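This report refers to the structure that appears directly beneath it.
The first chain written gets the first letter, and so on, giving A, B and C; residue counts start at 1 in each chain.
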Amino acid sequence: MNFWVINTLNGLSLAMILFLLAAGLTLIFGLMRIINMAHGSFYLLGGYIAISAIRLTGDFGTGALLAVVAVAVVGVIVQRLFLARLYKQEMPQALLTLGLLFIVADFAFFTWGGDPLLVPEPRLLQGGVRFFGVVYPLYRLFLIAWGLATAIFLWAFLERTKIGAIVRAGMDDEEMVRGLGINMPLVFTAIFALGAALAAIGGVLGGPLLGMFPGADFEVALLAFVVVTVGGLGSIRGAFLGSLLVGLVDNFGNVWFPQLSLFTIFVPMVIVLALRPTGLMGRV
Amino acid sequence: MKPLDIRNLSRNFGGVRAIADVSLALEAGERRAIIGTNGAGKTTLFNVVNGQIAPSSGEIFLFGENVTQVPLHRRATLGLARTFQITSLFRNLTVIDNMIIAVQALTPAHFVFWRRLAHYRDVLDRAEALLEKWRLTEFRNEVVRNLSYGTQRQLEIVMALAGNPRLLLLDEPMAGLSAAETHLATDIILNLDRGITVLLIEHDLAAAFKIADKITAMDQGRIVAEGTPDEIRQESSLQKIYARGGVRPEVSS
Amino acid sequence: MTENRWGLWSAIAFVLIAAALGGAIPSYDTGLLTQMLIYGIFAMSLDVLHGYTGMPSLGHAAYFGLAAYVTAICTLKLGWGFAAAGSAGIAASAIAAALFHLLALRTSHSYYLMITLAFSQVLWSLAVSWTDVTGGDNGLPGVMRPHIGLWSLGSTVGYFYFVLAIFVVVAAMLYIFVSSPLGYALRGIRDNEMRMRALGYHVWAYKYLASIVSAAFAGVAGELYMFLNSFVSPSTLSVTVSAQVLMMILVGAAGTLFGPVLGAVVFVLLQYVLSTYTDRWLFVIGVIYVLLALYAPQGALIYLRDRLKARRRSLG
């Protein structure tokens, strides 16, 4: 019983980190048709900057906030200065973000070195909690709660606010929304920044768990891509479901078949795509 | 044997009945024009006959064969060819390459990958001959996207003829053409071999009446009238349809 | 009929020059030439898929690395001979592509891009974690080059001429492939799939064949690469490799078959020159990608050619 509780919770905590990335990735694609190869870079920068910022300020909260804001700013710059010029050109956009991925990866290696670094857990969230008969790290529970809160927030944002409606309409027919006089370029930038910020939060919160190291961007981004492919491009709900699926499968897979690693994720991915090529909740 | 026999064809999109219970039959060598306002279901009908969309109900017979379940690319082998309302050529390839691809499609060579195309003189010769017949040779090495709109429309029709079709579906061939170009296109269609049965969608009523032996009028997914050009001209209900659609029939009689 | 005459003659010239230089230049440079040829094959294989058929792949390293691993494993762990192990590697890549594309061909463009990436990453992670078979992060060293009759592939020059011979054979085969009726059909598919279907082409079958052929030749390159270094590691399956070969066909001219070979030559030279001056190699690739994306997504050669044409037009 303990085994199931612990591992399900572990899978859920991983799922929430993935969700933070997948949500941004799927929003960015759904609205702007951009495959952001550099999404993992936002995660990486978020984690690394947080490490430095926390070291500097001595406080987790401030450091985290600084990191997220910094990455959001980077996102705005990338989108405004570069991606916006390649409006509607899918392949060049993917190439550009691929270039960015390498640039950031090298910059990170240069700045923070090759050894794995840990984002320090905030003191408030250290320790364990009695939960279903086991003592489970409070931090992980917080992570799960945060992920759920983000999901609800995003849902509310999309379904209940005016801007959310604009975003949803934009995903369906972006030219039409432009024609209604809405400043789509601004919406684009805002959503891209939101995606980058979410990824950065993923890096900050996931950092204590997974650590920051060269290649973390690739590894996490890959999982996020699998999530988005499985969940369906453009769907937050799909990203959530996909995250749960991938997080749990990856975790249990690593427990039962450690030698097979990512291969265990491939199986549900194949099954889902075989049945629904556009993903569980794909709308495009 | 009828080239095309459509029986009780319907196609729904969600709650919208794009075509509803349409039945239509063509005789060999016939020239039939389908007219109607925008949204009448004409292009949807073409898309179903062509195989791009599956019908919700009903059956389609091509030259006596039930093709309702047959995939799109196989209908071409039965002698069906089609042009598109929005020009659908290989824009980044040259005119001659466009023709070659069209010509080789239904030949035995189409899947050969162990021999260069240069070896297949019959394909190359036929491609050049078609260009010559339709006076497109001067554009042979031009990349399609650099051609004028009218020339592209012309190439569109010629490509559809490349496979020696027995049934030709023309989707608004006159769309966007100037008066002179329309004249040219009308002549091309009129001079098509009577071995080819032609079904066309056209908004330009003058052209449609000139080309067609028989006319089918559609409105809101249904056939509302069918007859010779003269009969259709007298049909008072159609004037209303065109008025409702905001279109003035440009019939010069 | 448009054919790549310019490219063909350049390729022939390149081969002849390389053949002449091969034994005469310092050993390290011969090694570089060998690399160029190997990457040239790799780039041509991707061009068939991406440049000609229009299927954008970010996971081509999968077939490159898979063949390398299978050949290494067959040689080291099963004791197979050169020919058998080599064939097994190519077959593995071809079969992997055949199985994968049963699924992948249900997707297109963006989805296809992501799913090819995912596939190669999955293989990569398999290589890293299945240490019993693949040696994990350390890879599989010690795969020696054999003798073919009296021809020793063990020497740098000997191996160079072997690779050159393979290059010529591969280039000839692929040249016929892209110049064939099927090759023309692939171009049509890249340009307008719906039109192809309306014309009567069974598009799926064409894409399927293109993906298998492309994978098989990527496998050839992968094996040659493995034997060059006598070593295979997970890095052969990495995104970096997929991105590099993509860059080669972009620097060259996608869809011209021999343009990508030029891209491969440029890449090897660039890598060599840059690595002697800086460690920031990855950074430079990134910047090149950004520049290519912004200014020449069809390929640097095409960008240059169009610029030259425009200049000529404004001058003449």
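Assume contacts are C-beta pairs under 8 Å (C-beta built on N, C-alpha and C of every residue); 3 or more make two chains touch, one makes a residue touch a chain.
From a predicted model like this one, the values you see are computed outputs, not experimental measurements.
Comparing the CA-atom centres of all chains against that of subunit B, the greatest distance is found for A.
Among the chains present, the centre nearest to the common Cα mean is that of C. Chain centres here are Cα means. That of subunit A falls 49 Å from that of subunit B.
Mean C-alpha positions place subunit A and subunit C at a centre distance of 32 Å. In whole angstrom, the spacing between the mean C-alpha positions of subunit B and subunit C is 42.
Counting only residues that touch two or more partner chains, subunit C has none. Per the touch definition, subunit C reaches subunit B in the complex via residues 1-3, 176-177, 179-185, 187-188, 191-192, 194-203, 205-206, 209, 213. By the touch rule above, subunit B contacts subunit C in their complex via residues 50, 52, 72-74, 76-77, 81-82, 84, 88-94, 96-97, 100-102, 104-106, 109-118, 120, 123-124, 141, 159, 162-163.
Taken together, the subunit C residues at the contact with subunit A in this complex read 56, 58, 103, 106-107, 109-111, 113-115, 117-119, 121-122, 124-126, 128-132, 239-240, 243, 246, 250, 280-283, 285-294, 297.
The touching residues of subunit A, counted against subunit C in their complex, run 29, 33, 35, 37, 82, 85-86, 89-96, 98-107, 109-110, 218, 222, 225-226, 228-229, 233, 258-263, 265-266, 269-270, 273-274, 277-278.
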